[in-house]
Structures are given as structure tokens and as C-alpha cells.
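Let me begin by presenting the structure, written as C-alpha cells, before commenting on it.
Naming follows writing order (A, B, C and D), and every chain is counted from residue 1.
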């Protein structure tokens, strides 16, 4: 699947190709516009935003909004910037993503290579769980978290994201492993490898493409979550999105749009980087199984 | 029988996930179903009222608005995202030199939540400071773009932003599908004298059926769950013109202290979601077993 | 090395019965080929021997010991898969030694094992490559190497040559046969290719629809088929099966093949098979292999029961070493195998020699052999 | 079994973490949505005051939607058995929570500090439940203010309107002068803020009957039709670009002369002052014409939850909130007036002093009412039902008669 020397290409005249490029570039503009607005306005002084055109380049460049958003903007009563919340988010996202990915991989492995009576129903139930609107679980979830003694902690948030991530991770891995030759598993069984040895030595080393898709998907979802973060966190476990919201949608007072935009970009940076760095593998991974849905 | 342990290990491995989902998803759905038949207001309470909440729900104008909006939004969003995604994927598949650069640009909106991009979108759509203002400043005096302020058009701005977020993702799915098409089929078609976009129309696009299906499921569930988007863009306004079932449910459950009605709207939403997903799943699993 | 015994084996998936009472026994050092059309259950049978699938009832013994219920790795078998099933993330050497590694065999011993099979299969220079860097034939060798290194009681081969091109397939076939002769290990080999079955096997088991159709040596299966299915399935071109009526001719049974009124006339052939008396006046299926239907000059001189009849030749197909002629008997096409230089051309009516000692007869109702 | 063990580890680690993060005895965890610079600065006064008493402050802000997000978070916290020490809350939310029986009891502090005497009765309505103090009121906002750009007013005749007719005439004059007469943001609560003022301008009795007692005759009667007619008139004074506009952007329109006036609660004052404007010179603050002497209010209160540990810190916080020094300092910043009536008005500006005087007057003559728009007149369900109708009418979905009828239905359905 490496570097496909595809020849789907329509062979057309120079004009056709020119039109293609024009259309592609128009859409590049469409997709970049909001980001452009955010970036441009995050390096303008507030005065210029009030008086000027949102599309214009800054006349005076300033990095002050960025510094403010990161380290001393007012979030609640603390002029702490977004920094401490960034760390909370990392502490939440990393275990949630890793655990749900590992569980998803194991589930996918069982559901394709160790099928048992009723495996279809189990998979169906896991998959359907992707589709519930999260608002409905807030109250019962709060009670369960309280019962487990993890309410308001990062571990509680990890648990929540784990639970509601399993469906998707299982789906991804199951579709990928369904195309993985069962004969390899059989060969390994004859070689004497057990359940976990086969998983660890045979399947996992070949799972990179789908792991990338799963990790990107989970990382984005967990990082961007607001609802759970706002409902299940304490003062010391508030994730980045909730802090950003506190920064951006304060009820009264002067809106420091430049700081808001800088903060928004900061909050989006990890997911952006993940997408841009691994976007290539993302398409490849989709190709390797996830697309089949 | 084989070694006992080996026999049970797979099920044991699956068990924690299964139990978690059983409790945290299906348990909670049952609980919500139960709440929808109680007189719960601010916190759950257990006075049984039968189907009264459902009757109230369907008598509410906003609920009907929300359903109508979902129909408009859902159809346009799914249709436009799919077609745009397909178009962009086909164009990107023409040996575009800058593909490596363009692809992440199309894809990145999926990485951002509307908490992040909401303000920018609001600005952009606002006639006073956004596109309309900019175009007028640049000399197009008559340029008008005030949909977000118009009760009848606001829902289309929601579509615009939603398409912005997910069409790139759909594009990636289609691109992956296109790259998976066997070259020999295309060569055969070329030998048969088919050329250019005809090959796409007659041969390749019909082969994308599974991708359309996957895209449909992803988009349909995003449409039904759409929440952040509306809150960030219009807050449900003007008036309640952009209310969707998800925002309706949230507001009744959490800000209006009418948890019973909120729960019943949640159940209706679940029924809608499941009626889309279950047939799809069924056909998927069926065809999977035939292999 | 050990014998293999399969006793009254049943296997079903839910309500679907896949294997319906299979009995097979081969001696130590035997080469058993399981052959049949796709869906006949041969691969399932192999998988149950390997322990990759449970059995519903019956028993499987390797040597004197029952292995049903044992984990595949405890059965002392090795298996070569159709797709070779080489672990894509490991080098050739790692692929070969993976099983030993799992069993905790110390490194020096593993190295020695790798070296031994590498020499045997001449894959020494491939040891550090990944499977993706190998050609089809090379992968095949590595897959065999991985099996050989285990030195098992029984080798299992699941259509190992079906992914190779024609030339390579013939070479590898010979190589497998040579390997078997040298090592003398018991082999169970699944194929849908009856030529592979005939060339390799010491015993052939023909399966269809989960039933064992016939179990015997290649010669038995070829010359003495138990039923119409086996007769038709084994051999290429396959046996001519022609509808005929049994008659009394000169006090002896004979079969009568009706002409079609156009070119082909009626033919009456003497038949000595005792069982035919029970079908006097009724229909039977007359089976004759192409090599027993030939030009009079090419007929087997030692045959005691050679009868000549005029036949209309419809098509002539020279095949180098032989010439095949298509004629029409009892309304169906029949193939005759003539000498390469037989002077024959289409449209000609010419006498053909029927070697009736090789003829076989089947009951058209039950498809069973009439003896 | 890696993952399973991993999960167990997480859970047990989580339990330990939970034990570690529970607020210690000398800390208060405060859930609020005062996240803007000025509000946070005001809260900081409280935080530092508590610091001197050895009480730590654990900040738990959840901004957005006028406290909606915070209330959702609170519900999850209480359901989980993990209630914060104190929560910023408004109006009927307090009553709802009190009914759930999850609040603490402040009677000891209240008795010691004599709250009964200094807090107006209309506020005590919310601060007390079954005769027990459950919350410490921080401020009183009054919502029936009109903020007028002085220059625009002068250009349109210079006289602040005292009746509805004068008001309409003034706005027409402003329109003729080429500015938007009324700066308004099309958000449900802003629409409802206008509505409150218009209802109150029809008389104290009508406001009480329709908004507090929810009397169907008042809700659907001729006077209500007139209210909706006036709302339609107001709508015609608003520019077309109002939908979804934040209130502070509307204030900015008045500040820079783009618009003539804004009808908004006293928090708008901060915007004017911050922009360097001076009361009476650059802008004028009046009560909505026809509501002179009456006040619709909303009051932020710190509601104290029933918690197992840290009751001492909680009491200390309640005392600090009611400290006249804090009340003065906080409300000067916030634009509101103190919740206790005995706070000196020295630090307040012109409009602040006026507000305190109005509050005292309204309190004494029975013209002090909870604001419907801000959840002090009726429970949340009713409030939102009213929002629905008012907003729909304001956006042209109903005629006045229809709206009045719909209002009766909606309120009935929500009860």
C-alpha cells in the first residue's frame, strides 16, 4: 500500500487541470478561512480589532495576547492562563486514549479471530454505543462516578472517556483485523503461541495503520470534549476546553478577542499537530480497514 | 475440548468492555427511558406519570421546530458533505502535485471543536463584522450575507459550518476508497474506450458504495448529535429558529428543570438514531458472515 | 513419525453439518491426499486434524494417542498454509524459529534448526529478509521450512501450491515428493487438483458434501472408482460417462448405446461385469476413460476385450504427445485419446477401439458402481 | 491481561486521588461563572479576605450562558455526592435546590451578624428556606434601567422620557437623526429583559399578577396584548443585525453613538465607565419610563451546600460575603448595589447612588419585584416558557393577540 502509483487520473487538457487546481484552491480558502481569522486577530492589539476589518493583516503585530492566554489571562479568579489546564488535559487524554485503544485492539482481535457464539450481538451492542447522545448519560454517570469515588478527578474523566470510546476503537480494530489473514493466527497457534502471544507478536506489529487512525480519532474526541469536562471535573481537574470556555464566554466585561483567539488556537494546537503530522497515515489507515465501516 | 483457559480467555478479555458498555450505555438508556415516564424536574424523582411527558413533548412547538430543523439540517448536511467530499477526493486523485499540502488543510477542521472555532465562525457570519462587512469594505457595496440573522436562513449557516467541519473527513474516506480501487479495472475500462469522468461516473463511483454507506453512518450520527455547533454559532436563535433535538434535550433537562420531558426527547432521539444505525449494522454483519 | 487414524468424525457448525462420519487410517510414513471440489469439507477435515477447529464427535489419533481436544501446538504437527501465513513483521529466520522460541528452546539450538532447514531448502541467503521481499516460490519454501524445523509426527499441507504459477507448481510438487521420500514423515495434504493427488499420494481420500466418497491408493481411485463422482472427478480429461441399455447378446450381457440418428449409429458392446445381470433391460451409465477409447493401432495389445466400433469424429485436438478426438456417444460428447500421429480429421467416420476390460458401470439412480 | 490490570490500577489510583482532592477543612470550593476581569477582581476581594482568616479558595468557574453550564455541572456534582462548598446562584434555582434538601444552614452566622435586619424582605424570600438561612446574598441588580447616550439625547430634544409616549417620540427623533434608536442583542434573556420592563411599566399590580402570581387572566388579557404591542414598537427601533448580539456589544453601540439607548440591567454601567464616559455628562441612566419608583431585581447569592467537612470555612465565607466592606467593594466593581441596606454609598457613582435610593424606595412602597427575565419571578421552566413566547414574538412569529394567548398556554404547560 506504499506510495500507490495510481492511474485513476483523468487525462485532460491543460484547461481541465487548471480548473481542477482553481477548485482545489477555492476550497483551500474555504477550509482555512476560520483559522486565518483566528490567527490574524490573535496577533492584533484589541484596538485594531474593534476598529478594523477582520480579514486585514495587523498593522501592529503583537504576541502579547498569546502570552496572556498561555500564562496570565484571567480564568475565574486566578490569573493563571491556560497552562495548568493544558497539563490537566494531557493527564486525562493520554491514559484515556491509550487504554481505549488497547481495549479496542483486544476486542477487535477477539471479535475477529476468536469468535464465539453471539459475537455478532456483542459487537453490535458495542458499536451502537458510539451513537448515543452524551447529554443523556450525565446524571446517571455522575451518580456512578460518585459511587466509585472518582467524581471530580482526572481518573473519573479517564473512565468516562474510556467507556464512550470503546465502541469506536473496537469498530476500527475489528474492521482492520477482519481483513487480517486468519491463517497467520492458525500458524501461530500451531507454533504454540497463546492468546496474548499471538496478539502481541503477530497482530500488534501489523496494526500501525489502524492504531494511528484510532489514536487520532480518540485523541481529538477526548481533547475536544467539553460536556464531560465541565460536568465531571473539580477545581483541580478542569480540562483545557472548559478553561477556554471560561476565558471566552465570560458573561460581562470587555471581551479581549485577541486573547480569546490566541487561547482557542492554543487549545486546538495538540489536535492540529496530530492531524497535520499524521494525516498521511490517517488516509492510509482508513484505506486499511476503517472505511469499510 | 481444548485447554479450558484458552477457551475462556477471549471472552474474559472482552468481558470488561462489554460490561462497561452494558452498564454505562444500555443501563443508562433504560434509566433514561424510565425517567421519561416520571415527573422528574430538577433532579431525578420517581413519581410515575406514564406517557404524559411524550404527549407534552409532541405538543411543544419547539420540539416540532427542532425536528423540522433536524430534517433540513440532516439532509443538507449529509448530502453536501458526501458530494463535496467525493468531489474533492476525485479532484485530489488527479495526481495533484501539492496533495500532501492540500489534504491536511481539508482534513484539519475535524480536529477542532466548535468551542475553538465558534467565535471565528460567529464573526465570519455576522453581517456587521464578517463576510458582508468585508466584501462591502472591499467595494462590493451590494453584497449581502445576513443568513445568521434571518429566521428562515439561519439553519443554513449551521449547515455551512457543519459541512466545513466534516467534509474534509469524508474526503479522506473517499480518497482512501479511490486508492483502493483495482488499477486493472480502470485499465480495462480505458481499453473499452471509456475515458475521463465517464470512468468515474460509470465505474469508480458505483464502486464507492461501501464508502458512501460508512460516510452516511458517520454523518448521520454527527447530525443527530449536533450540539456544540448550534450553541457556538447561534445559541439556537434567532428566536429558536435553529433549535435541534440535541439542544432541545439539553435545555429541557438542564436549564428548564423539566427532566421528564428532556428524557422523553432523548428517547425519541435514540429511536431515530437506532432506526438508522441498526439496519445498517445488520446488513454489515450479515455480509460479513457470508464471507 | 506416526500413523493417523480418523474414526467416525462428525463436524457441524450449528445446524450445518460439514463432515458426516469420516473414517480414514494411514500408516506411518504415508502420504494422504484429501481431494474434492471446493466446499467438500477437506479443509475443515485438515483443520480438525490440526486442532484448529473442534470436532463434534468421533476421534482423531496420531499414533496410538487420541489428540482430539489437544491444543494444536500439543499435537506434534506442522502445517503449511495456502497463503503460507508467514508472519509479515518477522524475518525468514524469525518465522522459522518462532515456534521454537515459544516452546522455550535455547538460542543455539534454534540457530542450528534454522541452519538445517535453510540448507535443506536452499534458502540460506533469504534468512534475513522479510516475507514481503520474497517471491511466491521463496515464500513457499520458507513456509515449508517453518514446518520442517518442528520435525513433527505429521505434516499438514493446505493447498500449498495453489498460489503458484503452473511451472513452479510442478517443480514444487516434485520437491515435496522428494522431501517426503527422504524424510518419510506422515503427510496429510489437501488439494482440489486431482493430478496433484494422483502424483503425490500413497492414499487418496475423495470427499464430497462432507462424505468420504472413496479411500484408496491412487491406482484404486483412478482405475476402480466407487461411484460416478469419483470416476468423473479423478483424471483429466475426465472419464466418459455414457448412458446405455443392458441387453442379452449371444447369451452374454452387453450394453447398447443408442445412436442419435444423425452421424452416430447404434453401438453394442460386450460387457462381462457380473452385476450387470441385475440390470438386464434397464439403463446403466457406461464409464470409459479416454485412454481406453483409442484408435485401433494404438490400443492396448494385451487387452483381452477390445472391441472396434465406427464413430463420427467431430473435433480433433492435437496435444503434442497425444491427439484427442471428440466423438458423440449416446447423445453426449466422448473423448478418445489417440496416438499423436493418428491419421484422423474432423467429419470422418472411423473405427475406435473400446478396451472393455477397463470399462466400468454405474447405477444411474444411486450413482454407485456396478461390479 | 494487561488492559484489565491497567483498568483496575486506574480505578484504585482514582480512589486515592479522590481522597486527596476533597477540599480540606480549611478550604472552600466555589462554583461560579464570574470569569470576566472585573468580576474576577471583585471576587478576589473575597478570596483575599478569606485568606486572612486562613481559609483557602479553590476556584471552580464554569462560564457560559448566564450560569447554565455551571448549573449543569452543579447537578452532576451533587448527584455524584461531591457538592462544592458554595455556589453562585440566582433566584428560583436556589428554591429548587433548597427543596432537594441538599443545602446547609447559616442560621448561626445570620443571627450573630443580624442579617434579618439588613437584608430586604424580597431578597430573604430567596436566601431563606423554611425560615432557615441557606444563602448569603452578594448583590442586587436592578434590571429596569435605560442607558442613553447624552449626545444623542440632546440631538433629539434633550429631555429624558418619563412616559411611554415620550419614549416613543424620543426614539422616533433618534431614528430621524439617522442612528439606531435602541441597541439590543437578540438573545432570549435580553428580549425578556425588555419585556420585564414593559410589563412593569403597566403597573406594579399587573407585574405582580402576571409575572409573580402567573394569573392566566393577566397573562392573556388586554393589558398583555398592549405589552406585546409595545414590544413590537421596540422591535421597530432595533437594527436588523441584532440577532445573537452580546449585550456588551449593544452597549458599545450606545457608547460610540451608533445607537441612542440600551435597556439593560445595571451591569451595563461598567461598560460605560470603562469606556471613560461619565454619568450625566456622557450618558444618562433612567428607569424605564413608567417604572419610576419600582425595581425588578435579580440577586446573586452564594448558596451554601450541606457538606461533611469544612463547615467552619463555609461559615467564615458566609460572614465575609455579608461583610459591608466586601459588599461595597464588590458592588462598586460589579455595577450592582449591595444586598444589605446599611452599606454606605460613598464609593458609588451617580447611577449607583441612584440605584441604592431606588431600591430603598421600592422596598418600602411594595414596588420591589423579582425579575422574570433573570429567574427571580418564577421557576426555570416558566421562565423559559416566557422566553420562548417573548422571543418568538420579538422575531415576528406571532401577532400581539396570539402572543398573549400563547403565553397563557406556555406558562400552563410549564407548571
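Heads up, the rule we're going with is that a residue touches a chain if its C-beta (ideal position, glycine included) is under 8 Å from a C-beta of that chain, and two chains touch if they have at least 3 such contacts.
Because the structure is a prediction, the values reported are computed rather than measured.
Each of A-D and A-C has its own count of C-beta contacts, and the greater count is at A-D. Among the remaining chains, C is positioned farthest from subunit D, on the basis of C-alpha centroids.
The distance from the centre of subunit B to the centre of subunit D, with each centre set as the mean of the Cα atoms, comes to 36 Å. Per-chain CA centroids place subunit A at a distance of 56 Å from subunit C. Work out the mean CA point of subunit A and of subunit B, and you get 16 Å between them. Shown for subunit A are the residues in touch with two or more other chains, namely 103, 106, 138-139, 141, 162, 196, 245, 248. Residue positions 1, 3, 7, 65, 72, 75, 79 of subunit D are each in touch with at least two other chains. Looking at subunit C, one finds that residues 51, 71 touch two or more other chains.
Remark: subunit A residues 4, 6-12, 17, 20-21, 23-24, 27-28, 30-35, 37-38, 53-55, 103, 106-107, 109-111, 114, 116, 120, 122-141, 144, 162-164, 166-167, 170, 178, 194-196, 220, 224-227, 241, 244-245, 248, 257, 260-261, 264-265, 267-268, 271-272, 274-276, 279-280, 282-284, 286-287, 290-293 touch subunit B in the complex. Remark: subunit B residues 6, 9-11, 13-14, 16-18, 20-29, 31-32, 43-44, 87-88, 91-96, 100, 102-113, 115-117, 119-121, 123-124, 129-130, 133-134, 137, 164, 168, 172-173, 175-181, 183, 186-187, 195-197, 199-200, 204, 210-211, 213-214, 217-218, 221, 224-225, 227-228, 246, 249-250, 253-254, 259, 263, 266, 269-270, 273-274, 277-278, 281, 284-285, 288-289 touch subunit A in the complex.
The touching residues of subunit A, counted against subunit D in their complex, run 74-79, 95, 99, 102-103, 106, 138-139, 141-143, 145-146, 148-156, 158-159, 162, 196, 230-238, 242, 245-255. Residue ranges on subunit D touching subunit A, taken from their complex, read 1-3, 6-7, 10-11, 13-15, 17-19, 21, 29, 32-40, 43-44, 47, 57-67, 69, 72-73, 75-77, 79-82, 246, 248, 267, 270-271, 274. Interface residues of subunit D, counted against subunit B in their complex, comprise 1, 3-4, 7, 65, 68, 71-72, 75, 78-79, 96-97, 100, 186-188, 240-244, 379-381, 384, 388, 391-392, 394-397, 413-414.
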